[in-house]
Amino acid sequence: METIYSVKPILALLVSAVGAMLILFTGERRRNLREFWTLLAAALKFSIVASMIPSVIKGKTIECTLLHLFPGVALQFRVDAFGLFFATLASALWIATAVYSIGYMRGLQAHSQTRFFFCFAFALHGALGIAFAGNLFTLFIFYEILTISTFPLVAHKETPEAVRGGRKYLAYLLTGAVLIFFSMGVTYGLTGKLDFVAGGFLQGHGSDNLLRFLFATFILGFGTKAALMPIHEWLPTAMVAPTPVSALLHAVAVVKAGVFCVLRVVLYVFGPKLLYDLDLWLALAYFASFTIILSGMLALAQDNLKRRLAFSTINNLAIIILGAALLSPSAITGGIFHIAAHGFMKITLFFVAGAIYVKMHKESISELDGIGRKMPITLGSFAIGAMGIAGTPPLVGFISKWYLCLGSLEAKEMVFLFVLLISVLLDIAYFFPIIYNSFFKKSKDELKPGIQEASMFMVAPIAICAILSIVLGVSPNAFVHFFEMASFAMKSILGVGG
Amino acid sequence: MTASPFPILIIVVPLISAFLIILLGWLKKNLCYPFMVAALAVSALSSLAILQEVIHHGILHYHLGNWDPPWGIEYVIDPLNAFVLVIVSVISLLIAIASKKMVEREFPHKVVFFYCLFLLQVTGLLGIVVTGDVFNLYVFLEIASLAGYALIAIGEDGAPFASFNYMIYGTIGACFYLLSVGYLYIVTGSLNMADLSRLLPDLYSSKVVLMAFAFFVVGVAIKMALFPLHVWLPDAYTYAPSSVTSLVAPLTTKVGAYVLIRIMYTVFEPNFSKVAIPAATILSWVAFFAILFGCILALGQKDLKRMLVYVLIAEVGYIALGVGLGNRNGLTGAILHIMNDALMMACLFLIVGAITYKGWPRQIDRFIGLHKKMPVTMAAFVISALSVIGIPPACGFFSKWYLVLGAIDAKQWLFVAVLLVSSLLNAILFFRVIERAYFEPGANERNVQPVKNKAKFIWDEAPLSMLIPTVLLAAGILSVGLLSGTIISEVIQFALPASF
Amino acid sequence: MMIGFYAMIGKNNLVKKLIGMNIFQTSIILFFISTGSKKGATIPIVADGHGVVHRTIEAIQYMNPLPHVLMLTAIVVMVSTFGVALALLLMIYRRYQTLEEDEILALRRK
């Protein structure tokens, strides 16, 4: 595997950091200039990231080492297929979220917008840092940057609940961070290095029980951000944040970063072989299945739209982890691909929730009767996204579900196939009523006749993301070769030829 | 022996300036401040020059009065010294720059004396670090302490009493130190550190030497405010004027820690602390309680300054833990933490000074809306807070990393746990303040003010002479963290005893 | 030494504490000087030494001058500490009108 040395990874990261500073200094008085910085940064970021795709798909990795921190560990960025996959997703969805949040914040005349955009840009900085990190240490640095920069976003509304939500967010994530810190220390103590190696590098170091314990602390640590149960509680509470933040949290950066890190640990630190030997793959798979089923059932019980979506996210994240835990080629590919698939679909759903809130000031599902006739594009996109999450072809969600099912067959564990099918049923159960009620029931309030969509800033991203869900479903390698990157990553992990 | 003038320059300049400033104050008051800053700048530059030389040429020696050691007093500068020297002189320079406005507001008629005492304090601290002679260290220790007592007593209400208490404790500590110097002199006939380290190993079984070691450690522990001998610290540092706390808090305890490292690892060999008396083990357990105690007590404080003082006690615990762990990673973490903690505490106490200067009360409950009035200061606070908690890329993370690695190496899982738990406790402490200042409900009204109406600046920031050092320190916290790898490989690695 | 130590900690009146501190320091100074003394030795000044360049000295007949020198420094330190302490006591007295520790603490608590 050839390595290219280039500053592109750093450039991609710095674009949003510099953008954040520009946003901060531009401030409230020149709002349009400030919004311009966000959009410019997002566009630049995406183009730099996209420019790295051709080389990485051909099998090269792009590397950039900054500082030597201590023996064996440097502040190093190594762009491999998996990392680039996440980076592409994050930067692409940032463009959509940026446009959307402009519409949202202005529509609500919200306060502290400068702080909002500043933290958003910084959060993306953190997310890309995680994506490109070449070792656990660099990853941890950016993981923390992500946590800290998203905290003001969660507590943005500054109501007592928002402050509480922010506090809970920090409590969970910082405790997880402490566990990760501990696990990193032990890993370094055992092996003397922290670099990610496809297929893992912990084999042969340390006793079996120590490795099992270490795996547990790693998963618990990163699992907070990946919203695994039982450490998931921060996510529904964080729904008190403005919707673009929820979209960021769920689709673009935060939980995706969490699940990305979990996969890094599972596939690049421990590795399939070690997990097989220690039987940890089965433990993780059961753990994930438990989350899948429980979160699906809890989603049914929620009336608040965003909370239902939150539990749906927890459900899908666990599906991704299940894919990785099954350790078979299709499962890993499906799991990685689902990161992107779910991202596109979920962001559509959240955008819709936000649009409904801005335009109609409604948050609960019981209030949504008949809204489809007022906001057809919006709710139509919701229908598309929801069906995709359930795994309906030709939407992109179908592809990942298909591969995951294949993967559980390959792993010869029928249980998980059932789990996946049950989750599909649950998805239909909690999404279908929303779609039905909004289109086919008569609304309870007096609504003015005629179509009343939210502003173009919001509707355009909604529609585009929904369309992309369809396009990617039909051609998963459209535009940015998501599927190729996923399968490439899988091959390098399992060692099945370059 | 090198002909470099810097080791002596670094002491003499502040010392003479301290006296000249009184004269100058009598003649022309306005020149005092620039003069003091100039003197400290010379010190800071000398310390940087010294660091350069030590990195390239090895250990520097300077013989006072051209008397050869062990008869004469010798200044020895090795990488550890040079490192601490730079920290002390640069931070005291920054604090001096920032202190002008605070001092003029709080006690305008005593400004000149303040500058004189400030310079004396810095002289004392620098002298402790530079010297290679144990008795000379005592002299400088007392210079620094006396200047400290006087500086602290200028403060508000409880200050003279707190200073008196500090004096009693401090004198006990210094006298213990003097006693041990005496014991060592009796058995070896030498006062020179290098000489002692040569002569002592044969005498390790002697009771006198053991006593000397014990008195050394206890005396230094009092000066360094290691739990449970920290009792003088909370009152003394809380009631002292902000400019004084900003100088004394980051530096005095760190210099005390430096003396501890010198004694345990240079004068007495590392083996002594592990084999002859299990001093290292005791030290690390004491540090364990210091960390816990500091963090837990800080939780109960309503006054920001007092809370920071308890955090300081916990930080001293970290350093002592690193020293006590006795392995490479632990000691590296401790030395790195000397620098990081000095930076963090200086920044934090300067921020408290700025907040008080602007008229805000020190109670955390009353910080509502602070970030709108003093955004730059609060940003610096957030950065320092991240560093104390141990979140990268702030520097505190890196020293914590080494300490955790050291604890893992020593298989002391309880210490690993306390390091991590204290991070969480610190997070609670600091985010409480951040929440109050940034997010308190009511600080920002939703949908009330139309967004266009932001033309007027509602900034009420601290004056530039205070703001710039704060910002520089915060920038330092961020950059030093990432550069810690370079710092370790260039400097600290050579400061570790050879047997590690 | 122990008397001084006890006084510093156990006594209520601040001046008594101070005197205790003084006793403590003085005792250490005496201890040091005593280490330099030898049986039958005389003070370390060379008689008729002025102007003579080289002369063999039998060190054993003279007391060790080094502790004396060190203790001169220590005495200076002690005196300055005492001076600062007295100044502090003056400040405290002006503020609280008393020099008893428990009364001061009670006043502070209010």
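As written, the chains take the letters A, B and C, and residue 1 is the first residue of each chain.
Simple rule for what comes next: a residue touches a chain if its C-beta (ideal position, glycine included) is under 8 Å from a C-beta of that chain, and two chains touch if they have at least 3 such contacts.
Remember, predicted model here, so these are calculated numbers, not experimental data.
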**Message:** Going by the touch criterion stated earlier, list every chain that contacts subunit B and also contacts subunit C.
**Reply:** none
**Complete:** Of all chains shown, the one whose Cα mean is least distant from the combined Cα mean is B
**Message:** Looking only at C-beta pair counts, which chain-chain interface has the most contacts?
**Reply:** A-B
**Message:** So, comparing C-alpha centroids, which chain is the farthest one from subunit B?
**Reply:** A
**Centroid spacing, where centroids are CA-atom means, of subunit B and subunit C in whole angstrom** = 28
**Message:** Centroid from C-alpha atoms only, then distance subunit A to subunit B, rounded to Å. What do you get?
**Reply:** 43
**Item:** Centre-to-centre distance between subunit C and subunit A (centres being mean Cα positions), rounded to whole Å
**Value:** 70
**Request:** Pull out every residue in subunit A that's touching 2 or more other chains.
**Result:** none
**Fill in**
Per the touch rule, the subunit A residues reaching subunit B in their complex are 27-29, 31, 67-70, 74-75, 108-113, 140-141, 144-145, 147-148, 152, 155, 157-160, 162-163, 166-167, 170, 174-175, 177-178, 181-182, 185-186, 188-189
**Message:** Which residues of subunit B touch subunit A once you look at their complex with the stated criterion?
**Reply:** 386, 389-393, 397-398, 400-402, 404-405, 408-409, 416, 420-421, 423-424, 427, 431, 435, 438-447, 449-451, 454-455, 482-486, 488-489
**Complete:** The residues of subunit C that touch subunit B in their complex are 5, 8, 14, 17, 21, 24-25, 28, 31-32, 35, 66-67, 70, 73-74, 77, 80-81, 84-85, 87-89, 91-92, 95-96, 104, 108
**Request:** Sort out for me which residues of subunit B touch subunit C in the complex.
**Result:** 135, 138-139, 142, 146, 149-150, 153, 157-158, 160-161, 163-164, 167-168, 171-172, 175, 178-179, 182, 185-186, 191
